[in-house]
Amino acid sequence: MRIMVINPNTSTSMTEHLRQELEKIKRADTELTVTCPTVGPVTIESAYDEAMAVPPTLELVRLANREGYDGVILACFSDPGIHAAKEISDIPVVGIQEASLHVAAMLGYKFSILTPLARRIPHKHEEVRRYRLEDSLASVRALGMTVAETDADPRRTKQRILEVAARAAEEDGAEVMILGCAGMAGYAAEVERELGVVVLDPSAVALKLCEALIDAGLRHSKRALFARPPEKEFKK
Amino acid sequence: MRIMVINPNTSTSMTEHLRQELEKIKRADTELTVTCPTVGPVTIESAYDEAMAVPPTLELVRLANREGYDGVILACFSDPGIHAAKEISDIPVVGIQEASLHVAAMLGYKFSILTPLARRIPHKHEEVRRYRLEDSLASVRALGMTVAETDADPRRTKQRILEVAARAAEEDGAEVMILGCAGMAGYAAEVERELGVVVLDPSAVALKLCEALIDAGLRHSKRALFARPPEKEFKK
Amino acid sequence: MRIMVINPNTSTSMTEHLRQELEKIKRADTELTVTCPTVGPVTIESAYDEAMAVPPTLELVRLANREGYDGVILACFSDPGIHAAKEISDIPVVGIQEASLHVAAMLGYKFSILTPLARRIPHKHEEVRRYRLEDSLASVRALGMTVAETDADPRRTKQRILEVAARAAEEDGAEVMILGCAGMAGYAAEVERELGVVVLDPSAVALKLCEALIDAGLRHSKRALFARPPEKEFKK
Amino acid sequence: MRIMVINPNTSTSMTEHLRQELEKIKRADTELTVTCPTVGPVTIESAYDEAMAVPPTLELVRLANREGYDGVILACFSDPGIHAAKEISDIPVVGIQEASLHVAAMLGYKFSILTPLARRIPHKHEEVRRYRLEDSLASVRALGMTVAETDADPRRTKQRILEVAARAAEEDGAEVMILGCAGMAGYAAEVERELGVVVLDPSAVALKLCEALIDAGLRHSKRALFARPPEKEFKK
Amino acid sequence: MRIMVINPNTSTSMTEHLRQELEKIKRADTELTVTCPTVGPVTIESAYDEAMAVPPTLELVRLANREGYDGVILACFSDPGIHAAKEISDIPVVGIQEASLHVAAMLGYKFSILTPLARRIPHKHEEVRRYRLEDSLASVRALGMTVAETDADPRRTKQRILEVAARAAEEDGAEVMILGCAGMAGYAAEVERELGVVVLDPSAVALKLCEALIDAGLRHSKRALFARPPEKEFKK
Amino acid sequence: MRIMVINPNTSTSMTEHLRQELEKIKRADTELTVTCPTVGPVTIESAYDEAMAVPPTLELVRLANREGYDGVILACFSDPGIHAAKEISDIPVVGIQEASLHVAAMLGYKFSILTPLARRIPHKHEEVRRYRLEDSLASVRALGMTVAETDADPRRTKQRILEVAARAAEEDGAEVMILGCAGMAGYAAEVERELGVVVLDPSAVALKLCEALIDAGLRHSKRALFARPPEKEFKK
């Protein structure tokens, strides 16, 4: 099966990193194309960034459909443009947030999301509500570090993840942690070992779920919410 | 006070019609600019259309801020790009959907939304949930007519609105009706008279609410959900 | 437009204070009558006080209807008797709690209510549920001061408001604060400045919303929940 | 044990009827006083009626406390003034609505409430929400008859109850029916037999629950929501 | 009336203790049989223990029906097998958890459940959701002691109950405490006195509710959720 | 990977049928053991049947753990004993109901469950609530046929599935259908084609999800809800 993994931001180094990680865990019979748009923001940290990233991302979704891919993965934790992508797509579209929230809800009573900065906490709550999973959410907690800081200081990042995840487990009752940012990848095993919780890497979960859907011959319903958009004039 | 009303689609005739309607009901001390983007879809009927309409709409929001307007109204019932607009805006931003849902929730126990086609019903439910007002929603009901058909056949449109609103009132217990599409404007008074329910025209409600917020010196909080996006590189 | 503002308690000094505040912010074309009943409790701090204040308050609502007012504001934060007032009223009735909860829900993801004493916290939760806005509520927090103490010690009141609002913002994620008691009025600007949150003075919000509703020709639906009570015998 | 049953309206015939029904089913060791206020509405069919009935009802609640009763029952299905009654009461206060909703929620997955007129349906939904039991509610359905009509035409009343309860069972999935109006009393056994559902007479349920609470030495918490109101001046 | 009280675990000492407690508070006209299965776990501390305890418990429920008892009480706080018990039973079945949650919801705005160990907290949340009462739940808090430890160290048990209940009242807003474990029985009066909250002993509450239901001639609906299981082959 | 699929009832013909269906769709590198207990009910149609089926099912779960399987699937739509199975299991346990509800929630806005008989509808609602997915549920609808009748009359079964699914789509807004009974398997493709909805066969979905979890190295959290039960005495 052929899957196109789209990193909606324009950072080629993040895209390459993602490619390396997913190549390690893909099924033997899966062929991956990991790509990103050439125009748009280099990172996505606001609704504004998302809004600007979506149109070029949708171009790649169209491409995946045209070139006969079997599935598409949107590899940014806020699943930018996922509804529009499903509308214009005849093949399954998996958002890494949607996939990891649902899997988390199956693996324990409540899950927590770890996010870099406190000001994005309400946004994460909104996202969980969008997927109608708020009753499975224990909490959203912030590291209090920017993405740049998590890149620059892995030692402190690891320490903060452990501290924050421990509080999510002890105070909020979380049994599953979702590492809601690329900069947190790589610490999952250690958190699992120290806290006895399940830790999800959203991209990995999304890949496995996408492979499962393709294998089962499933995709999203085209009846209503994700029906194909009517043809119309676009002024340019 | 100066308010910019942005029609997010690129139809100049709809924009002009909107201008005429709002000019009639604005406060004497309100100065309106009613405008629309020059690029993008001529109507908005899907998440895809929304995604393409948002970037040029945000350009106009920036313009309103730069030119010293006191407030911005997004005049499309799905409030496209409202979060991003609030992020980049220091002046109040009012979506006609957000405004009419909240006012509807104050004027009766439950409200219904009338929408052109059945396949958009799940989307409307999602929108109401986005504003955390699902416990005030009686139902979303469709006319079973395209926007084009509502334009072409006012007689049948009126008849369908009356039929559908009557069912919303009698079967779903709605006390307030929201006419969720520009093509339904103009029938409010007759529905009110025949059914004894309150009927809201979202653009009019949004204008009055926007004037009230400006007058009260209020705008959205900039602390978290709508905080200004961090500066960053955009590839072009 | 002529608006009757009813303070449901019998304190003439509070009524006069309210009159002065609202006169400052009313629209030029608004004429205010600010009044209170002559019988009933001098402050409202319990369901019992409310129950006793409602019948004389409803007499004033009747008066406003009879004398051709365009709208009524109930100026006590628990909106005493608001359902009965809407039933007997053909003009819009705005409760300061209802108005400020809905406006707060539009201006940020979640709001907090500040209240004088901890024992009234469950009551406030009940009220927010009554308006079906519990999913927009961050928290209700108490100053730990009686109304009398807030009057007597403005310095400590201000300090406590700042402390409590800061905890609501940081720990509960509130982006909007509602000052749920007359004794807290006057500190809004300072809290806004220090904490970067929006702070609502319920009476001011209600006045602006009432003016907007009147201007838009709107009032509550008379179809069901607020239908006119059937005529009947009252034993005296 | 001595229980005061208060019919909050001023109809002495309804009060006498209630007395006769409850005398039949009370425990041998229960002594009942069934009474009603001397001033106020003769029936309660609106929030306005409730508002006017509450102050004299609370006088009777005070009397019950002063004269050493062991418990109080508020015998009107909308539980008028129940919060204030609990505040001023040191003995258990049982509302017939509160008692029957909770018992109904234990006896089947969902319950329906039968009410005389459709326009009171939203009010009943509000009441169920007030008790935080909306997830156990199948529906509220109306007979489409006034209270006077149910009194005047028992044959049609019985027929309508059977029709409406059958639809509640078949279409809404109700397993328990609550007869939400005195005029419907007396048809319970027949509905049970014909439809195989449980049918609750709220007054009877409330009496049994009140006896059980007294027997168990329980009453409502006085810590917060129902704390004793502070002493204060009432202008007369 | 004759009531069979079933302790679903196989501890005869706990069964005897329960018998003594309930004998003290039963109505004069109530005849109690307090019993337990002869096979199965000696304590119930997991879903696995529950699963193993249910079949022999159901045998006792059958026995109660066959021998003409008027009601059955399941006396383990997780109400093991309650749905199956209601299915095979023509007499009322009362779970001590179900009874105490509903009564707690009537006696204050929110209740808290005290449980021995933190790892059972999610299970308790699930149980409260099962009864659709999560909106009346303040919190579940753990003593941090095993059942064995509560038995061995009454002094520390009492101290922990007081500490934990105080935090539930002050931090979570609980007005009613449910002692969710047999090892906590006996401290209710002291907690009530010190904290001014209502404290429920689930077994006592269930007995009083069961007597009330029998007295009122009520039992669960047999229409759907608790309908009699179809006859069928069981391989042995 | 080696997966044990447990049919919790004792019907060897159903077990064999399940084996054949799953063998067709398993991954090439998956080795299946499809089995059932030797004692217990031959079909599961009530909470009582479930209660009796769980202990022998748990024996098989233990066996799967002891013999080094990589995962377990519980192949009965009510997921009998799933919590206990996760407690005693160190390998992932997938219930066919849990898996299909979560996947359905990803593939459309709302899903419907088709079930044989109306009296099981409340049970299905309870199950969806147990997984905290009620906000993604459109409806549960019954065929009005027993399992035996669906076996005996495939023609009428197909017709009823089409009729009921059409109503779920048109009246309840369902975009995804879950065939909640083995007797309905085999009609999925035709329903998809005729109604344009997605139709899920729960066993197939569960197998693909189980393979994905094993492949990703995931299993349920052992921290709290599914922690290993404490060792203890079981009387025999």
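Here the chain labels run A, B, C, D, E and F in written order, and each chain numbers its own residues starting at 1.
We adopt the following convention: a residue touches a chain if its C-beta (ideal position, glycine included) is under 8 Å from a C-beta of that chain, and two chains touch if they have at least 3 such contacts.
Since the model is a prediction, treat every value here as computed from it, not as a measurement.
Among the remaining chains, those touching chain B and also chain D are C, F. Centroid distances built from C-alpha atoms place E farthest away from chain B.
Against reference pair B-D, the listed pairs B-C, B-F or E-F yield one interface repeat, B-F (criterion: more than half of contact pairs the same by residue number). Our note on geometry: chain D versus chain E, Cα centroid distance of 27 Å, whole angstroms. Centroids of chain C and chain E (each the mean of its C-alpha atoms) stand 43 Å apart.
With centres defined as mean CA coordinates, chain F is found 52 Å away from chain C.
Of all residues in chain B, those touching 2 or more other chains are 108-109, 121-122, 126, 129, 132, 135, 173, 175, 223-225, listed in ascending order. Listed by chain label, the pairs that touch are A-B, A-C, A-E, A-F, B-C, B-D, B-F, C-D, C-E, D-E, D-F, E-F. Residues 108-110, 135, 173, 175 of chain C touch chain A in their complex.
Remark: chain C residues 121-122, 125-126, 129 touch chain E in the complex. Contacts from chain F toward chain E in the complex involve residues 10, 38-43, 45-52, 54-55, 58, 81, 83-84, 87-88, 118-123, 126, 129-130, 132, 223-225, 227, 229-230, 232-236.
Listed in rising order, the residues of chain F touching chain A in the complex are 25, 27, 98-99, 102-103, 105-109, 131-133, 135-136, 169, 173, 175-176, 195-198, 200, 204-205, 208-209, 211-213, 215-216, 218-226.
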